[in-house]
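Listed below are the structures to be examined.
Okay, so subunit A shows up in both of these, paired with subunit B first and subunit C after.
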Partner chain A sequence: MGVFDIYLLETLINGVLLGGVLALLSLGLNLVFGVIDVVWICYAELIMLGMYAMYFLASVYRVPLPVAVPACIAAVAVLGLLLHVVVIAPLLGAAPINQLLATGGVLFFLQSAATIMFGIEFKNLGLRLPVLKAAGMFISYSRLLAFAAALVGMIAVYLFLNRTYTGTAIRAIAQDRQMMTLMGVDSRRIYVITSALGGGLAGLASCLLVLQYDVHPFVGLSFGPITFLICVLGGLGNFGGGFVAAFVFAEIISLGGLYLDLEWGYVFAFAFFIAMMFVRPQGLLARRS
Partner chain B sequence: MLELTAVRAGYGTFQALFDVSLDVRAGEAVGVIGPNGAGKTTLMRVISGLIRPTAGALTMEGVDLLATPPHRIVELGIAHVPESRRLFPRMTVEDNLRMGGFMLAARPKFRQRLDVVYELFPRLRERRRQLAGSMSGGEQQMCAIGRALMSEPKLLLLDEPSAGLAPIVVDQLFELLRRIRAGGVTVLIVEQNVQQVLRVVERAYVLKAGSIRAAGSAAELSDSATIREAYLGV
Partner chain C sequence: MRRWPSLVAAAALVALPFVYHAPYPLHIAILILIWSFAYTSWSMMGRFGLTSFGHGGFMGVGAYVTALAWNHGGVSPWIGIPLALVAGGLLALIVAYPCFRFRITGHYFALVTLALSGIVLQVITATRDHTGGSLGYTPERYRGGSSLYALQFDSKTTWYLIALGVWAAGLWIWYRVEGSMLRYALEAISEDEDAAAATGVHVTAEKLKITVLSAVMTALAGALYCQYQMFISPDTVSGIAISLQMVFAVVVGGIYVSLGPTVGAIITILMAEVLRIGFGTRAVGWDNLVYGVLLVLFIVFLPKGILGSVLALRRPASGATR
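Up next, the complex of A and B:
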């Protein structure tokens, strides 16, 4: 390898693999914000519940993975739908701060409910996927699998948004809310579909994360803030920006972890975020307005 | 076809329309003229369901518009080209047209309607993959009208289509309106460009400060002193 440091390459590849999962995480949150103009503060807690669903289905009830994964995605999609119908829809006309507080309340509600129901011990699937050795590098299969599945999920969403009437309406509503009525679109229906889609993405994310991480009632804290920061860095509601920002963040975390400790990777990532907020407060791929 | 009886409407405590009554018969082109702030845009928004009136009655071919959910009014055959076009700027021309044909009844006819619109506006065919917001004002106006025609409307509502366009583009626009009318579409048009619009419509209403001050054939209004007074706002 000579000049090219093998550890650096391994780190860069791991950064890309992490970036794919972070991009998937941020897409769900971004989609909901872009369309409904509401930030789901409790988004990562939906993922936490999805991880528990996977744990119970796969580890406790021994449901085969090809059944457990779609069931988990569907279950979290229903949660997203319920979150919209029960909490968000009645507050749509209210001040944005009320919506933030309400979804923030749901965050604590879900954390506490999970603590009561599932206890605080860490749980995992007990799966040990092999590690791939190639050209002197070690890449774990679970990361490769998570990256591939995240990519497939994002491509599916892209095709849905670009090839169907409902998907076109979802993109359009983010650009001009009022005109939807004139197009014959029932905005309330689009909101419900988008919420289910956002929940479904959280469900897919939880299936991928449970391969790599233990689940416990506060696991959302590990993904929630970073997902939110990625969305802000990319420009809230800007899907392309969120995608790019996810990979930028992932590489910073990965490289910081290579040269110092993993925790330093996060320190650099958040420092970078704060610096960028001064330089480009509208986000990386901000549109001129 | 369209009938408004004693319609009142406004925003909050501000009342913009006072007992407006008007009718549009099938096949006609009718104009609403008047100075800025007369309530012309409010009138259009009330018809297409963007604003609900506080009093009065509206029917389209006998169907009560107030009993129809706003997003289903387009299914009755009313398509609204709003003031300042309101395209989806970061979507392609063709995606904008697709949104115009969103309602279930229009979807099987998408290709067919697309051909009708592209024949009327060949420029849109050339630019179908371009982002709508990147086009010139005239092209955007064509796209906005094309979007409305995608639903195969019986009645086309046009709100200030000539606003912000160069004079030569305005001439082209009014020529195109004649062709759209020849295709059997009924038109209700709101304009400040009085002389131009009176050459396209058969009848017109003069709206001032939220109420109808005069009505008559285009020829009558062209010669009338009332309309000059209303239009110049003295």
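Up next, the complex of A and C:
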């Protein structure tokens, strides 16, 4: 039984670390979701492009990491901004489902653009962080790093939203769209800022993901759906809820992967999501109204 | 007198394979008919604001239940397909009933059904010992040749006529719904659920009816695709990508008109084929690139889709087309 327990513990810890990655992934989407009330179905594709940006900067052009990381974050932030200005802004008055479908079109576009430009080969940084061995368990440094970045990113977003004037305006807009425009807040400006911020967070996520995963044009499909489900499970725009949901999902996936196959982990996670929608449709941490 | 053009068109469609039976164009025509039927099935509920991303799941269930029943149970598709339809309907019921009961709508409904597509795809992949996983699955040939019992035919003409019949049946169902009270109830629900409920519409029951109908039709499309292609894989009949593909083709063709999904299927399939033939392997990615741009342009500028907009132009004063 001793061996079994070590595996279980390792799985649980790796689940926590995977939770950090998922939490980081969902941060930007949650922000956009909560403030603009738009689902960026193509969010994972922004991350995919960010991963390519990191690959080309760090691996092909040999740009030092301290320069490459901010450049990558800025590039994806610009993408998020463009996505809002070009696609979302003309549709803000239309039915919400139209915005969702339009970003779906962007998903196809970005995927195929990446296929055409970069080919379908798997690419990686060729840079592997060491694996931490402790008490007979293997824990990857890149996951630890992602976990830490998720924490820092979340705290930074929290401070920004609660301590700055722009952040206050963003929260106010999220609560009442019509009223805030009457109070003199320029909602268009706030939306643009939020989109850039959401893109930036996607950029941050891509910098850390590229350390663990190979990048290819369809990589977004493998973690995009789970990211949406985390945001919904946590309650749209509810960062604390999203954080908790990320860890719950990650543990389900890890434990399912330990006892059965990784696919079953995903099946359980999806089924859990559907079940939770009926129990707590407003999100995990929502107060019952 | 308005029936004449459609009767002539129907006769022409039936006569087509006897006059012109080059295998490749006929193959494309069959694919267009099968997918048109699947897209029509999606639009049955999509046109009432019930945006489902779960139809890839229903299609996958339709295809895999039929194929598994044949290979593992020796059950003829004549029984296997009804089984698959029941399975698809049940799955829709299990997921949709709580959704409607607890008033999960809009974004949330789309994402719950998205999870459903994900589940079906992952279950097919995870049970690879039985389903072949992501490598795909082939129904066994019945004594090599064509057989009515096994619903396997070598002749493309036969398949063309079957697909045409199913597609026409799909349109017939569409018109039946169009002329029914169900349509008025669902239109009222899509405008305002509370108001509809206040006027005596049983919101949950009406939504369930159309959802189960739509899911069963989609499962049939899956079963048909499986019998025709004799090869299915999780990526070609299930999953989120197929769900998105259905939604997009319908939006491009026109979501509120009967032939909109068919126009969507013709455009998307022909475009993919033309690019593939014209550019070969260099075309990889270009079809979806054009497709994605078109989709965004359509949703921004032509939300009624191609056919919907054309019809609206022809009859500007009529309120019949939405």
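Keep in mind that, in the parts below, the second predicted complex is superposed on the first by the 280 of 289 C-alpha atoms of A that agree within 3 Å, B and C clash if a C-alpha of one lies under 4 Å from a C-alpha of the other, contacts with A are read in each partner's own complex, and residues count from 1 in each chain.
FYI, a contact is a pair of C-beta atoms (placed from the backbone, for glycine too) under 8 Å apart; a residue touches a chain by one contact, two chains touch by 3 or more.
It should be emphasised that the depicted structure is a prediction, and the values quoted were computed from it without experimental measurement.
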Three-chain arrangement built on subunit A, subunit B and subunit C clash or fit: fit
Most subunit A residues touched (candidates subunit B, subunit C): C
Contacts of A:M180 with subunit B and subunit C, given as first, second, both or neither: first
Touched partner set for A:R171, first subunit B, second subunit C, both or neither: first
Three-chain overlay, closest Cα atoms of subunit B and subunit C, distance in Å: 18
Interface residues of subunit A shared between complexes with subunit B and subunit C: none
Subunit A contact footprint on subunit B (complex, rising order): 48-50, 69-72, 74-75, 79-80, 82, 86, 88-91, 95, 98-100, 102-103, 107, 151
Residues of subunit C defined as touching subunit A within the complex: 49, 51, 95, 98-99, 102-104, 106-108, 110-112, 114-116, 118-119, 122-123, 125-126, 240-241, 244, 247-248, 251, 284-289, 291-296, 299-300, 303
Residues of subunit A defined as touching subunit C within the complex: 39, 87, 90-91, 94-98, 100-102, 104-113, 115-116, 120, 217, 221, 225, 228-229, 232, 236, 260-261, 263-264, 266-267, 270-271, 273-274, 277-278, 281
Interface residues, subunit A side, partner subunit B - complex: 165, 168-169, 171-172, 175-176, 178-187, 287
